[in-house]
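Two complexes, one shared chain (chain A), two partners (chain B, chain C).
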Partner chain A sequence: MMIIRRFILYFILIFFALFMLFPIYSMVTTAFKTMPEIVGSRLTPPTQLYLGAFKEAFDSIGRPLLNSVIITLPSALIGTFLGSLTGYVFSKFRFWGSDALFILIVLGMYIPAQAVLLPVVKFSANVGIFNTYLGLILPMIAFSIPSATLFFRNFYMTVPTEMIESARVDGCGIPGIYRRIILPLSGITFAVSVMINFTWIWNGFLWGLVLTQGPAVQPVMVAVNNLHGTYVAMWNVQMAGSLMAALPTLVIYAFFGKYITRGVLAQRK
Partner chain B sequence: MSKVTLNGLTKRFGKVEAVKNVTLEIKDGEFVALLGPSGCGKTTTLRCIAGLEKPDEGDIYIGDKMVTRLSPPDRNVSMVFQSYALYPHMTAFDNIAFPLWIRKRPRNEIREKVKKTAEILEISEFLNRKPGELSGGQCQRVALGRAIIRNPAVFLLDEPLANLDAKLRISTRAELKRLQKQLGATMIFVTHDQVEAMTMAERIAVMNNGVIEQFGSTDEIYQQPANMFVAGFIGTPAMNLIECSLVENGRVISLAFNTNTLPVPDYIGRVLIKKKKSTNVVFGIRPEDISIHEKNKPNSYKTKVYVVEPMGNEKLVTVEMGNTYLKVRTGLDFKREMGENAWMDFDWNKAYFFDKNTGKTIMYGLNKSANSK
Partner chain C sequence: MDRKTKFFIFLFLLPAVVGLGLYAYYFSGWNLSISMTNARSLIFPAEFIGLGNYGRFLVDPVFITVVKNTAIFTVLFMGGTLLLGLLFAILIDQGIKGERLYKVIILIPMAMPMVISGVLWSWMFSPRMGVINSLLRVLHLDFLTQPWITSTSQALLCVIIAYIWVFTGFVALLYLANIRSLPNEQSESARVDGASKFQLYWRVIIPQLRPATVMAFAVLFLNSLVAFDLVWPLTRGGPAGSSELLGTFMYKQTFQWNFFGYGAAIAQIMFIISVVVMVPYLYRSIRRR
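And then the complex of A and B:
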């Protein structure tokens, strides 16, 4: 009876694993095929590795890949740093209105992008940063602060308050405590927050679509969307482009996935 | 080093008054304990002196300088926390040097001072280790080193021995006392352990519910407790406290409780009647001031053994007199067992009498000088 139950369990698990992995298998095999091979059979692996689709995709998304790096890295780093500062303050200091302010900041996590789309576009146009790197970096920083604040605040609450008080008695001010005590203790937390923010900013599509025009500043996810071809759908080029676009976040998750999961679970507390 | 003066210190947390109008003067170079049960306000008082809590009323002086509204770095105090609060990412050297790094002292000066401090505390060989690699006792010494290194006006210690095992606690008590004498430092430490307070401090402030019940030397606190709380809190085992009524029968004055009647010495009876308006008193006597015998002796009272607890070097016997139970310390030669009869008599020199309503001490046995105050 135990064996039958186990068999059924494993069967279900393997079935759903294959179901989830199939799109990735399809993407990878299609990227390495020629169009005739794709038309001939969609499910079989390629007979030989055709790299022409990658070359063609890279011609279109090479610059957007660089744009994404330029936009995502500083956004993730600065957003994480600012979230760390605010998280530190909210975890260790109480002042008039601190609870209300914290709730307001965290509520920012739940504001749907569509609700603020138009105001942000108008604002960036009015101040002259529309279709620039800054026009994307600043909103990404703003949107990453609420979750980073919550993340760091939860982490810093585990830092014993007596450690902070000891530093105060020893002569350290608030900035000094952050620099000498808090920051050195937050190494892994920092890295996890940067990776989480990197992932969602890199994979973002909507903001890249509305705040940029043309490949000069366009991030990679928007460029990948434009690979669909004017008259004929070039599946291998689209899949090659998608694979190249997904690679950075896939690599991050492959090596640091367990830390990211722990970080996300900590945010839920 | 400096004296510390608290004038009418009051601290509230919402509706709770954690410290109520505390006035205290600690002399320069004195070792003082703030002693009391959990929640009595001793740690809050210490934190107010450190500047980690802002008092709602009252003033704090360190030396002649009023520091009530000053931030902690400006008060020239150092503090050792119960958990030591060592910085886990820094070595023991860096932890000790930290207060000097903050003040941007020259590297040579820092190196010399850390070396000297480590020698005093006997931790020179551990300076390159991080707190995670140190034992509890070593961590405590590193925390002390961090406090000592900048030679503050006052040292504040919050339950410094609480996290040590029993054996280490005893040895560290002596070391801390020696260190305080060596440095000539003004030290104020908080503890709930009266043995710690009695063995280490020169004077003890016994606190309860935010007020200081008594502030005096260990002898004064032990032998002349100001009230029932101090009498019951100090001493292990605690003082026996019996609610009784004064009964006059001709010239003999007795204490009546349950169905028992205890005649008291003439002097005590006369003073009690004179000082006490009502007849209700609480009679207190320490376990070591009761003698217990296996046979009836003159002026002894018959009792029954309730339980015997051997302690190794002595026995702790609980006796019952009606619904009243008394603890008695006796020698190993006492052989009576549970349920058997025994006889006890009291050292009336060491008897205490308290007002049942106010808890204040009415008289100290046959101590005429103490009773005349």
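And then the complex of A and C:
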């Protein structure tokens, strides 16, 4: 009875894992096949490692990959840093309107991108940052701040106030306390926040779609979507492009997924 | 608080306040004002038409279909994901070999960029060459092959399946963390009283999973409200609008057909729904500490 139960348990779990992995398996295997091989069979692994599809996809998404790096890295870093500044203030100081301000900042997380897209396009065109890196970096930083603020505030609440008081007695001002006590304590929190921000900015699509034109500054997700539109029947090229574009976040999740989920959990609890 | 402290608090908050003040609040106000015009161009001035665009919602049959689709999508996607997530959390909780690896595997879809998940599932669901129909043919189940994303009656279902695929692992891990954080005493005493495993979960554990349910609800609801990235490469809202959701409809109206006023009004509806649902959630989660 016990053994049958165990058997059924593992059977269901493995079936579910296969459901999760099947599209990924198909992406990876298809990317390494030639088109005739794909026409022959969609399910079997490739008989040889054909790299032509990667070369062809890279011709279209090479530049956008670089663009995504240029946009994502500074946005994720600056957004995290600003979030730690505001998180610090809201965890240790109370002043008139501090609760309301905190809620307004965190609420930014729940404003649908669609609700500001059109004004952002108009504004960016007016000030001449439409279709530039800066035009994408600025909103990405702004919309990183809410979750980073919440994240850091919850973490700094656990830093004992006595530590800060004693530093203040020793003559440290707020910037001194932030630099000497708060910042050195935040190493892992900082890293997790950067990874969370990196993931959503790198994976983002809609912002890049409306704020760029042509491959010069276009982020890679827009380029992959275009690949999907232009290489309609060339599934190997589409899959090779998808694989290359998804790799950075997949790697982050494979190694640090535990910290990220834990971070997300701590953030919302 | 001395003046120096006040100054530094001001300085630390300044970038966040300016950044969000502009990008989140000023722009959503601007969007509200565009939604009350008949704007069709970014340059030429538009006429103020009050709530005209909002009135159009009531008589635009396409919009009504879109709302219906979004409602069906939200209910089926959220229901399916919550139930499956809970089921797999309980199964993983039975103590399995390789739990750590398993957790990594079921989180992979969540780590995938949504656009790429859309491309992947369009390959899965492609009727002629696609992987699912190929699999069915190999298994000699030809009669089960479907038109999938090319059919007006199945496209929305395809979108829902893809979304469930993306979020189930994440929800399972949420529930699992919640189950593992529960105090042991109640489960112990239930076990001593001779409760079966089923009774233990049904009577003791599941009623205590409210925190995970609320959080999963918030994440899933927000994602179904703004759904775009995955739907766009998968079905583009088609065929014939059969999988059109608020997110894709807003994009088409605004950025493809240049009905800026109407598009802004759709976005405004999304904004209002999101704030109405999320503010109580946010307020509660902040108050609780």
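The rule is short, and it goes like this: the second predicted complex is superposed on the first by the 265 of 269 C-alpha atoms of A that agree within 3 Å, B and C clash if a C-alpha of one lies under 4 Å from a C-alpha of the other, contacts with A are read in each partner's own complex, and residues count from 1 in each chain.
The rule is simple: a contact is a pair of C-beta atoms (placed from the backbone, for glycine too) under 8 Å apart; a residue touches a chain by one contact, two chains touch by 3 or more.
None of these values were measured; they are calculated from a predicted model.
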item: Clash or fit, chain B versus chain C on superposed chain A; value: fit
item: Chain B versus chain C as contact partner of A:Val210, first or second or both or neither; value: second
item: Partner chain(s) touched by A:Glu162 [first = chain B, second = chain C, both, neither]; value: first
item: First (chain B), second (chain C), both or neither touched by A:Gln218; value: neither
item: Which of chain B and chain C A:Gly171 touches, first, second, both or neither; value: first
item: Touching partner for A:Ile181 - first (chain B), second (chain C), both, neither; value: first
item: Which partner, chain B or chain C, touches more chain A residues; value: C
item: First, second, both or neither for A:Ser91, with chain B first and chain C second; value: neither
item: Gap in Å between nearest CA atoms once chain C and chain B share a frame through chain A; value: 6
item: Those residues of chain A which chain B touches in one complex and chain C touches in the other; value: 173
item: Residue ranges of chain A in contact with chain B within the complex; value: 160, 162-163, 165-173, 176, 180-181, 184-185
item: List of chain C residues in touch with chain A within their complex; value: 1, 4-6, 8-9, 12-13, 15-17, 19-20, 22-28, 30-31, 34, 42, 88, 91-92, 94, 96, 102-117, 119-124, 129-131, 134-135, 138, 165, 168-170, 173-174, 177, 211, 215, 218, 222, 225-226, 228-229, 232-233, 247, 250-251, 254-255, 260, 263-264, 266-268, 270-271, 274-275, 278-279, 282-283, 285-286, 289
item: Residue ranges of chain A in contact with chain C within the complex; value: 9-10, 12-13, 16-17, 19-24, 26-27, 30, 38-39, 41-43, 82-83, 85-86, 88-89, 93, 95, 101-108, 110-123, 125, 138-139, 141-143, 145-146, 149, 154, 157, 173-175, 178, 199, 202-206, 209-210, 221, 224-225, 228, 233, 235, 238-239, 242, 245-246, 249-250, 252-254, 257-258, 261, 265, 268-269
item: Chain A partner contacts - residues on chain B that touch it in the complex; value: 50-52, 71-73, 77-79, 81-83, 85-89, 98-99, 102-103, 146, 150
